[in-house]
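Look at the two complexes coming up: chain A is in both, with chain B in one and chain C in the other.
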Partner chain A sequence: MRFIFLLPLLIFGLLAGITGFALFSTLSGTRQVEQLPSVLVERPAPDTRQPNLTEGAPEVDLSHYRGQIVLVNFFASWCVPCRAEIPMLQSLAKDLTVIGIAYKDKVQDTKAFLTRFGNPYHVVGVDLDGRTGITWGVYGIPETYLIDAQGNVLFRHAGVVDKVLIENTLRPLWETAG
Partner chain B sequence: MTIVRYPIRIMLLVLTYAMVFLPTHVSPVAALSAEEILDDPALEARARAISQQLRCLVCQNQSIDDSDAPLAKDLRSLVREQLQNSKSDTEILDFLQNQYGAYILLEPPISSSTWVLWLAPVMIALFGSGMILASRHLKSAPPDTVLPISTPRTSFRPRIVFLMCFVVLGSALGVHQFIGRPDLPPRPLGRRAEEIKILKDTAQAQQRALRRSFVEARAATRLSPKDPAAWYHLSRTAAALGDSETEINTLKQAIALDPDALALKSLLAEAYSRVADEQITLPARALIDEVLSIDSTEPRALFLRGLAAFQDGDYTGAVQTWMQLFKYSAPDAPWMPMVRENILRAAAAGDFAPPFLPDPAPIAKMTDVEQ
Partner chain C sequence: MTPEIGHFALVAALLFSLTQVIAPLWGLYRQQPTLLALTAPAQIAACIAVLVAFISLIWAFITSDFSFDLVVQYSHSQKPLIYKIAGTWGNHEGSLLLWVLILVSFGTLFCLTAHRLDTALFGLILAVQGMISSAFLAFSLLTSNPFRRLETPPIEGLGLNPVLQDIGLALHPPTLYLGYVGLSIAFAFAVAGLIQGRIDQRWARALRPWVTAAWSALTAGITLGSWWAYYELGWGGWWFWDPVENVSLMPWLIAPALLQSVRVVEVRGQFKSWTVLLAIMGFSLSLLGTFIVRSGLLTSVHSFAADPTRGIFILAILLLAVGLPLVLYAWRGPRLVTVGDFSFNSREMALIVNNGILVIATAIVLLGTFYPLGLEMFNGARITVGPPYFDATFNPIMAVGLLGMGIAGTLAWGHGGLPHAKKTLLGALLMGLVCIFVGLGFGISIAALAGLGVLGWLASGIVIDIALRVKPWQKAAGARLMRLGLPIWGMWLAHFGTAVFLAGVLGENLLQTEAIVRAQPAQEVNLGDDTVVFKGIRQTQGPNYQSLSAELQLYDAEGQEIALLYPERRFYPAENQTTTEAAIHTTWLGDYYAVLGDGDPQRGYTLRLYHKPVVAWIWGGAGLMVLGGLVSLVSRHRIPKA
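Entry: the complex of A and B
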């Protein structure tokens, strides 16, 4: 009981330790705070049928792509980080079917965007009012979903796709799945 | 009597009551706009109640009822639409929880990962009351039978307070050192008015001179519209003015007149990237590949290829490309410091040791053509 006076200090130290650990692991990047978890992972991808960006072309129906590994990428012309990942999506298009969903974007804006920055997509579906985004649990684009041949979501990434993500996460996932 | 005797206790009591009984979530005026509101007041009331339970996933500490984020607006209208389709409150909450997870509920349900959260207040309250009881017990114990004289009891302990201050200030300082902004200018802006005015005047004079040379260059292209050099010159004056659209158009003209000029194509690739916030876009990459397939040592294209690799996160590739540029260029080429710096940056980003780089040579002045 002699050292009971040290108890507040001990509690303070403990709290400071916990918050300090959280702060520094966030700053050093080991703790991810910017990504919300997706509940879609390991569940069937939502049924998605969208109008095609190209007028007159048939609807973009995700179920037609059963049997192949598909990358679904939500993007928009107003989304600056979406520009940055286009070359990466282009490189992924060699191995996967990359489907774009233009999220809450005017059709002519999407078209101008793809002309200017390049079009890495196999096909682009239009989600004018963002409802499809909600059924996928999209909360901030760019968001990218990897879908296996059975139509299940393997992985979701919120943010720009980069080489590190492709080599460390996406490639192992689709290689074991396919 | 007691109030006068225990002012601090009374204050603490009031504060505790305030913390327990005041609503922690005082909602400001909802972000709702007029056209969202439903005609049926009962449905609208339910919509508001549901919206207040849902987290806006963009702002994350606001309900969708409070948030102005576009996603919050979409979710609000989804809730109202579902209500009009006579869905029950739980059906709607379940539907959204199914898409976004339990995180979308502002009050998380009790589960294996949240019971600590829910039990923590009870635990803290129990612990606190235990401490109070224990201290009462200590105080009421006859002093010289149970405790030695020297044992501290209820007296104020300056040494601990001093120590605590030291620890708090020290850790605050540490945090500031780590995430603070030591790079901000030490002098406030107001005291540098004169300096800023001189800078502004020079900038304006420069801008006027640039605009003059642009007008002259444009006149030259009108005189000789078949001369690629005139178009090239116009593109440079447009670039100096920061007019990237004109730069791109004039470069295209020059290339159309002189399709074999690789340097022009590299410049066009660079201009494409400049209008895309320095991202090396796919059209730019196509040009770079074309140039390098003919001349694998074209410095600007090599530099841009390295930059493209860097932006893709391929730091090894970036360093390799830039090392080639380093090898092919004269040691006093004007772009060498930039290449050197970029190689070091890529190595740092990729977390590997940079290759050996010879010491920088003094820089030759960039000739007009290289500019």
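Entry: the complex of A and C
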């Protein structure tokens, strides 16, 4: 009986402990922040054929892009960080083919989002039920994959693509691959 | 006025608050009534001191006194007066001071109204309140002093974010804070009850109005915020599952659970330890809401690193405010256990289920809000889970909760339902099925069908309950109507408000039409059955902005003019920022919503046009909920004499 009354304290203590440890070790720099592991890295990207966001346009098929380096970016209109990412993707679009996958998002909303914040994508595939997200192992969005000319995943990044990531990680990767 | 007056008042307030903690604790320990008697005067003195500090800060904003660092950062001499005043709490330091002001004002109100409580409980409650206000005052003075002076005052301030120059947003934080801080009283009651190891009906009866008031204020605050997002952000949405929204939703979900379990303590003398735990959870979530939003921790873990002292202070307060009461709970909670005596179809059972649902819903929101933050701490990824997560988890469980709400009025305490419970249940079931059947004809999604069914069940359940109680078809219906009493009307209003809210949500989701076009002046655009004529564009000069507005004429299917709309884009030179002002034509049956995008005379202008049927019901329903809370608040809550 008494144990039940200890339970709230134990749960709180556990949460506080984990949070405190993660926060302070991250901030003090003792623990290096690492990227999420992905089983896909250095393996072929999953076969992906999606309906095109533009009605009547042909299906988006990833295998059509063999022979060039492609950036696949999962995004949605309801995702606030995705807005911040648009200018970065626009600058990347000068060097790479950027393909967008609209993840669990209504077609109308995606279109409104792209008119409002700009459209960096070569083409946008629609993943309405998030099934493609599952195949790729998407944690949450935004999430970005760099794919080489042979169709293998070179790199996966969960979170917003920023300048540092582009210059320090992405650019060296695609320059050695290309 | 100089910053020093406010600074001094703030220090004085801290000393009074500390007195308010020490006097009752020491007085009770040493059995000295004279010390104990100091508690209430200390609370009132602290309130006056904080008021002085707050007024001096408002005055500095009104007169644009740029010797205050804060005024320079967040105000501008050309800003309209109302936004100068609102600018006082439009920033971290000022809003913290407002928070403390509401806290000590509630404490004072408690002093003036709760004199029927026994002196030990009264003193302990005020001592806990004093601990909270001391912690906040120390936080304000040590890390976020609003009265920092500038040696060389600049000529002009840096202005306030133009998006925040809005009446809805000026009122949003104070209302929300009323709710957050109202829950601090429940927290103080809970901790005092744990220290005494005893909770009785008078404890519950004295507590209940505070929870009702806090919940009503939270509802009003969240509604204002949602309404603001709807008309100001130009996005047409009213709820985004944004972390900042979620942290205010969590205490809002816990408060009704608390309200109902306090009611069980009051009427049946059961659920005591659970009530105490809910009260602690409610205020912990309020603290989380206040701190997390203001510290910017939710946007990113890294905003925490920008000012580590402030962050560590916040974590320390959270740790103490949640941890200590939970230690107390583990130690004293078992004393509050009562043996339940009620049957499966009693009101107690329904309240247990309902409390369970609300707590699970809160946990779902908590997880969805903090999972991305947790992930960022462990591997630096910044991601969003967003609406799909909440649609799949939060909505179904709340739908189940709403089903219970439809028949809540028909359940009796102890054993068995009221005589008309069966009829109500059948009627509600029938109406729910009819709604689903009608919905099937339109081929809508399963989630929407479920929503319609719940709506039919909920609304008809309430109406049938009222009808079967009043029996307007029999004699003396008037007398029966009068006998019902205000509290039950408060419940019906709040529950019916939920039905209206749900109708608004479903209507907005199912019936909305929209058009996104690039148009030249004189062009016609189709919006569903209606037509919008783009008459022209013009430039004007506002008090502190330049404006570009479009004139749109709206016609219905028969060619009758409905309204003229003027969506606007404003450019604020002082902040170098552009905002969109949506033009909204609101009626009971729906809104027309127009946003002017970018463009130029050569290529035309982007227009986003929406017709949103019954969208206003979302806020109307929330308004009914608040009204329900207020109605049950004015019905007399008397604390019987000891």
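A few remarks follow.
As a convention for this text, the second predicted complex is superposed on the first by the 145 of 178 C-alpha atoms of A that agree within 3 Å, B and C clash if a C-alpha of one lies under 4 Å from a C-alpha of the other, contacts with A are read in each partner's own complex, and residues count from 1 in each chain.
Everything below uses one rule, namely that a contact is a pair of C-beta atoms (placed from the backbone, for glycine too) under 8 Å apart; a residue touches a chain by one contact, two chains touch by 3 or more.
Here the structure is a predicted model, which means the values were calculated and not measured.
Using the contact criterion defined above for the overlaid structures, shared-chain residue A:Pro120 touches chain B, although it does not reach chain C. Contacts of A:Thr176 after superposition on the shared chain: neither chain B nor chain C is touched. Look at A:Trp136: by the touch rule set out above, it reaches chain B but stays clear of chain C.
Of the two partner chains, chain B is the only one that A:Met88 touches; chain C does not reach it. When both complexes are overlaid on chain A, the residue A:Ala16 reaches chain B and chain C alike.
Once the two complexes are overlaid on the shared chain, A:Lys111 sits against chain C while remaining clear of chain B. Common to the chain B and chain C contact sets on chain A are residues 1-2, 5-6, 8-9, 12-13, 16, 20, 23, 27, 36, 80, 104, 116, 130, 139-140. Of all the residues in chain A, the ones that touch chain B in their complex are 1-2, 5-6, 8-9, 12-13, 16, 20, 23, 27, 36-40, 80, 83-84, 86-88, 90-91, 104, 116-120, 129-131, 133-137, 139-140, 162-164. Of all residues in chain A, those touching chain C in their complex are 1-2, 5-6, 8-9, 12-13, 16, 18-20, 22-23, 26-27, 33-36, 76, 78-82, 104, 108, 111-112, 115-116, 130, 139-143, 157-160. Looking at the complex, you find that chain B touches chain A at residues 57-58, 70-71, 74-75, 78, 97-101, 103, 138, 147, 151-152, 157, 160, 163-164, 167, 171, 175, 178-179, 275-277, 279-283, 285, 308, 311-314. On chain C, the positions that touch chain A within their shared complex are 240-242, 273, 277, 280, 301, 304-305, 308, 315, 319, 322-323, 326-327, 329-331, 333-334, 337, 371-372, 374-388, 514, 516, 597, 606, 608.
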